[in-house]
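After this come two complexes, each holding chain A, first together with chain B and then together with chain C.
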Partner chain A sequence: MSTTGTTTPRSVATAPRAQEPAGRLRALLRRPAARRLLPLAAAGAVLAPLAHVLWGSEAWPDALSVSLDGPLRSAGDWIVDNRDSHWLFLYFFGYVSAGLIAAVHAVYVVLLALGWAGVTAGAALVAWRAAGVRAGVTALASFAVCGLLDMWVPTMRTLALMVVAVVASVVVGALLGLAAGLSERAFRVLRPVLDTMQALPAFAYLLPVVLVFGIGVAPAVLATVVYAAPPMARLTALGLRSTDRGVLEAVESLGATPRQRLLTARLPMAREQLLLGVNQTIMMALSMAVIASVIGADGLGDRVYQALSTVDVGAALAAGIPIVLLAVVLDRTTSGRTSRAVVPRGGTSARTRTATTWALGLAAIAALALTVPDTWPRSWTVRIARPVNQAKDWLVDHLYTGLPGIGGTADWAAHYTGWIVDPLRDTLQGLPWWAALLLVAALARAIGTWRTTATAVAALAAIGVMGRWTTAMDTLSQVLAAVAATLVLGFAVAVAVARSARTERLLRPVLDVFQTMPQFVYLIPVVALFGVGRAPAAAAAVVYALPAVIRIAGEGLRAVSPGALESSRSLGATGRQQLLQVQFPLARPALLLAVNQAVVLVLSVVIIGALVGGGGLGYEVVFGLARGDLAVGLVAGVSIACLGLMLDRVTQPTKGAHDAR
Partner chain B sequence: MTAADTRVADQPPVFSVRNLWKVFGPRAERVPATPELAELSPEALRERTGCTVGVRDVSFDVRPGEVFVVMGLSGSGKSTLVRCLTRLIEPTSGSIAIDGEDVCAMDRNALRELRRRRAAMVFQHFGLLPHRTVLDNVAYGLEIQGVPKLRRRAKAAEMIEKVGLSGMEGRRPAQLSGGQQQRVGLARALAADPEVLLFDEPFSALDPLIRRDMQEEVVRLHRDEGRTMVFITHDLAEALHIGDRIALMRGGRVVQCGTPEEIVGSPADDYVRDFVRDVPREQVITVRRAMRPATLAEARGSSGPTVAAGTTVAEAIDVVARDGSPARVLDDGRCVGIVDFKCLLRVVAGLEGPGRLEKAAA
Partner chain C sequence: MRAKHLAAAAAAFGLLALTGCGAADMTKQGSPYADAAGAKSVTLSVQSWVGARANAAVAQYLLEHELGYRVDTVQVDEVPAWDALSQGRVDAILEDWGHPEQEQRYVRDKKTVADGGGLGVDGHIGWWVPKYFADAHPDVLDWRNLNKYAAQLRTPESGGKGQLLDGSPSYVTHDKALVKNLNLDYQVVFAGSEAAQITQIKQFAKDRKPFLTYWYEPQWLFNEVPMVEVKLPPYTDECAAKGDKDPDSVDCAYPTSRLKKYLNAGFARKGGDAASFLKKFRWTKRDQNEVAQLMAEDRLSAEDAAERWVKRHPDVWKEWVA
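Up next, the complex of A and B:
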């Protein structure tokens, strides 16, 4: 960047004015960003007029569209017709489906047989042994609250589905991870797939499984597995691959066989990553198990879904609280182990003690299961739906509008929609299609490689080809507005966090809790505050994406070398100068990653925002599901995947591109 | 050469390495095979073929019971060389034999057996398993071999005691200091009771005081058990201190191979001379090299102090200075020469005559 805006000394000395434009151009060309974009600009200059002449400059031209509705509809019909007769369904999908249903049912029956007392005590015991007394008490209290809210049965249904989905995800993920961890070739094939899968919104996975399995528990479990297995696979592979080379060499020098090497060295040393993988898989599974209510998973998600569709905030909250509690308990229980890994294992006496504790605990659970009635006693429940709805009505009456000076939440929502999102949407929809493609290419090329650029452009073009251009631009406008809000808020808080350790300490537990919650539950409070529409969807997206942005950006800013800061301070830089000239440039990779995460997370919530009136591609998925019109839903689902892919690639800083600087 | 050295020299070598090459890069095998390429300097070779040479045409023998030190600066190929011995790095060409058996021809099982029972290695960065206790780390090699739990634990406990870590069996590597971790690494290598111990810069990561302790430990172990050792180091003082013979490497080649005294007393080229310039010569060179021929009267006489032929000059100075008169050098009770103030001071000043040195080396 040293050459920015300077002219060559000779041109300045001889004829400054005449030489200036040429010198400027040359200096500009010396900037790496300009050099990277130049070929693209040249290509655009040639292709754009051509595209304009051939297909016009409106939204996506019809001539370039392919209608998939017909073929997809007939494929869907074929599947529906043959579901009970074709061998593929009878002997493969049929067994998968039946097996999953049977497994979920079996777990559910066991949970019911244990009764509320047995399950609560069991959860507390497991949490206590795995993560300490506090986790145990949290589990105990959380399950009790689930019962109190009269949500015991739905909680157990969700839990049964979760157990099956998590076991399947961990097994599938671990196997894939093992392959990728041990074989270089498998790693190279799997890695981009897994990375991409993690960037796609949950909604994109629903339709393909519905197409094959219909609506019900089995597709819900499968969608959950597809969504939750990638982190396990990824972390397993990374854990296996990051084993200390020196230790592996030492193990090899002792004459270990490959099997011994895996079992005694690589897997145990990847333990932390594996546990982190299990933790992430569980959290993702919960998130998806709740969303999967739209394809027939019953349980807590279904209660929230039903309540939201009638804007019954009270009922939604009553089902939402158990979801949050379940998330907290599961996270505390499964992430607690990681930190205990360092504690030395005790001798035989300690092991006997552990065994005794478990035996006593299990005996107590069995006793509870046998003596206490199975269902949560009716008289012990608290119905919060009505008071919550009354409170919400009060909110509507007093906060929605007409607050002196600041308006009200409904006014804000209207302003947000009318002043920001609508103009943005109209601009995007009015943008010539080739200009949109060129813009995406330029953005992707500015920080990425040719490959990410090509993927991003192809993904956007695919949306156009499938005929979802206008809808996608609607969704895109919502995403961009919410991402902008997220980044402004997130970076501001991140700067504060990086500045003061106290802020960091205060915020950390809040961020921890917010990061564990499933996307779905964020919809509940925003509906109470802002009603339905695009504004509450955006608010939920911002709240959902903020913790990750704050954390990544904050850590990036704090990781800036103190030496660089000290030296800039010693030169007399002000706080502002330090921030803009030292911290931001040095934390650039972290900030770019934060942008990427913001985009991915915001998109995922904007899509499910369709459930509270957000419209766009998400609405088409919901609409397709509700009407049983799989073609509409499936195309919308694929478009969502393409949009996710495009947004991820546009914001994906690659290592190679960074080194090139 | 002392009597012990001569005895050792007569036995067949433990390791016999001939014309060993290790080249990294695309189609590495053509480099040693093509005389024209084999001659190139490292820079020219990288430019022409994209290959880097780790080990370049190295031959040496490791004799039973000796401490053979391979010494060189970083990048000289010494770590690659020691890894080639058990094929942790696959050599490009040349031959390696252990007790006359061709290592390069071994199949996977034979190689595994070699690594399990005959040659154990100690690493610079210890290579301990972080999730296991000290006891289980030491027993790990035996576990790999399939030794039952009780027996391998008993053996491991014995080794832990031998390296002075008693009472720490239950700790994890992370709870130990660097020196203690390396003792665990040493115990792990000893547990398999191998014929040869290979050390890859074992003490480079330790701070100086602990390093000296560990060197003493190795010297003591060698004195007690007489196990053959191949020791890699970049520290000349360490090499001179514990080595029976030293191979000095530079750019993948062995530039000189000999006893510490030969290396210091008669450097093969300017590089070696430069290398050993700051060595306190009186502590390495023996009176055999410093002495002058005895006159008839001196040889017959029985007055004055005597020193053995293997005594270092530093020790002889002590003797001569205390007594005030020249000392007779005895080999097997026979007087082979005389050291006086002048001879000894010439060594300290670095003035031994070259002609005399060649004779001694021959």
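Up next, the complex of A and C:
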């Protein structure tokens, strides 16, 4: 898709930074980044006037756009007309779909047969054996709460879908990762693909699968797999490629065959990365499984989606809590293994003991499954929707407008839109198109390679070629404003976290919860607080992206060597000087990574923000999904992908760094 | 070695595809959650607006408690719901606002969807202002005077023009064309979903601020925020014909349409009691609003709201299950 962008002469471009004051210029020139920008500046100085003369200096010129409406519409019609007769659907997609449905059905039937007691006990047993007593208790309590909230059946449906999606993602991801880890050529091919997928908002995936498979569980599982497999592939490849050469040579000199080398040396040594990959895949699958309710995935996501259509924050929360609990349980259970990996394998007695525990545990689960009735007892449920809604109404009544001194949330929303986003949008939309490309090239080149620069520029150009320039600039302005807000807040909190271990301990569980909450749940309270429009979308985006920023920046700041801090203090630096001149520069890689994450996460929510009036590209995707209009939805989806790719490349500091999320 | 494995896998897959079970027709694949405990099950499509949810709630309650079915509901937008209906992923749409293109394709050409009769409710789309605003400025009710009020209806999102609030992109709307063709000094602002639109309307009403919104009848929100319709140029057949050819040329009001039910063709033939029940399902605007309001305003669950209505109006539904 982005290759269409290379038809423009803009692949090489420049920095408009040349008119800086001379003193600073010289200082800048001493830095390698500035020196790298020089060739760009030269190329831009030649090409920009040329572009201006040929195509003018407004938004993207029509002469360089290609309308895909016609072909896409007929492709969409063709698929709908041939879906029940063409061999491609009958003999390929049909099997894929049937297989997925059968798998989900099988898992669901097993879960139902186990009953609530069996499932709860089973989850507790697995969590306990995998990650310790605390994880076991967490699992037990979490499943009990799901039942208490009267969400047992939806939880089981989501769990069934998740099990199938995660297994498929891990298998697909591990196979791709294995190929990339063992073959240099496969790695070179896969890497940009995986990088790109990492930056794509979940919403962009939905329309193509819906078109081929219709709505339902099968397309939901597929969209989830496409979204969740890349981290597994990345981390598998990373783990295999970072195997210690010395060990490999030693194994080889012992005469091991390639297969033995892989199974006995490389895979075991990549164990930590593989487990991290599984963990990330699970977390991403869960977040996608919720969004996929838009295309007919049943379960908890559907409950949230339905609650949103009646502005029922309480009911949305009742379905949102089980999602968070599932996330916490899955996260604790799978990340707990990493630390246990160092425990040496015990002798025979330890192994028999483990076997006995499992046997006893399984027997107990079987007994529970057989004796306790399958459905969660109705009298044991708690309805939280009403009190939650009352609390929300109270908050809205008291915060919406007319707070003395600071105004209400409605006023903030108006100021945010009128003073920040609108001017920014008008600036971006008024920017000559070649200047936008130059700016992107300069930003990307300043911290990246020629290749990332070319990708960023090509991605932005592709948006123009597809005729979505103005809309994309609207979305971009929302992203930039929200990212700025996120970074200011995030870095401030991160500094506090880095200074005090107690703040960190207090904040950690809060951050955990916020990071795993489905984006959907955020949308309605922000509408109540900020009205409809771009402000609520931004608020949701900031809340969603903050935890990652705080965590990464906080860890980076804390990792600054105490020695450096100590010596700066002995030189008489004030707290402020220390922060700005020692901590921030030393933590630069982590801070850049935080920026990168903020951009990617904010974009994903700004897109979903179309559901609350955010407009822009997200609105076109919603429109496309709602009307089954491939021409609008797919082009917007691809534009979002390009925008995400561009933003990622512009903010991606060094290769490989953003694997550590 | 790997090539050999691949070839073997491909051969196995090919054999499976050819000999095993023949074609895998996606239209024969239902939901994996259906029939899980050996029950007869029906899947209803629920659209995002509350009226449609009210239909589904009552149908679900009666199917489960009177006819012994297990009912699954799936929330889908209007056009994808047609698609799902044709594929058999859902068995019925209970409230359709008129999709001529889909009717042509699925009902008449492919014959995968069957007409399920009328719902008994007439639907009407239009532009509305709150009653308190119309009482103070009665002339706002004629579209020719709308420009006079544009300044009062300005919001941060409408960029210096008056705001015409629209809801979900999935709803039938020509508002952009209307604003352009009637030379109105307004900007169409999409709330993005009906939930967001309702929240916004309620927020305006609480502060007694004026607003102009795309809205439709029947809708429970009228009970809470009384609104009056703004008269647009009258709907005519010529205007409709023009609009069918070029949607950007529409310059008249929306028609009043008879809301209809549609069933999956196979389900309509072989669906037994459930299919005949859904064909007979027919009620009034008042009934629908009663259930919708219980759900959306009093925050009853769909099941509780349906139960309450069913207890109160046995005379209406007895003949559906007969």
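As a working rule, the second predicted complex is superposed on the first by the 533 of 661 C-alpha atoms of A that agree within 3 Å, B and C clash if a C-alpha of one lies under 4 Å from a C-alpha of the other, contacts with A are read in each partner's own complex, and residues count from 1 in each chain.
In the analysis below, contacts are C-beta pairs under 8 Å (C-beta built on N, C-alpha and C of every residue); 3 or more make two chains touch, one makes a residue touch a chain.
Every value quoted in this text rests on a predicted model; they were computed, and no experiment measured them.
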Clash-or-fit label for the pair chain B, chain C on chain A: fit
First, second, both or neither for A:268, with chain B first and chain C second: first
Partner chain in contact with A:256 - chain B first, chain C second, else both or neither: first
First, second, both or neither for A:302, with chain B first and chain C second: second
First (chain B), second (chain C), both or neither touched by A:574: neither
Chain B versus chain C as contact partner of A:83, first or second or both or neither: second
Touched partner set for A:371, first chain B, second chain C, both or neither: neither
First (chain B), second (chain C), both or neither touched by A:532: second
Larger contact residue set on chain A - chain B or chain C: C
Which superposed partner A:356 touches (first chain B, second chain C, both, neither): neither
First, second, both or neither for A:314, with chain B first and chain C second: second
Superposed arrangement (fit on chain A Cα atoms) - minimum chain B/chain C Cα distance in Å: 17
Contact residues common to both interfaces of chain A (with chain B and with chain C): none
Sites on chain B touched by chain A in the complex: 86, 88, 111-117, 120-121, 123-133, 140-141, 143-145, 170-172, 174-175, 185, 188, 192
Chain A-facing residues of chain C, complex: 17, 23-27, 29-33, 36-37, 46, 48-50, 53, 72, 74-81, 83-84, 87, 89, 105, 112, 155-157, 159, 165, 168-170, 189-200, 203, 207, 295-296, 299
Complex interface listing, chain A residues touching chain B: 244, 246-247, 249-257, 260, 264-265, 268-269, 271, 341-342, 344-345, 347
Touching residues on chain A, where the partner in the complex is chain C: 80, 83-84, 89-91, 93-95, 97-98, 101-102, 104-105, 108-109, 112, 157, 160, 210, 213-218, 293, 295-296, 298, 302, 305-306, 308-312, 314-315, 385-386, 389, 400-401, 410, 413-414, 417-418, 422, 523-524, 527-528, 531-535, 609-615, 619, 622-623, 625-629
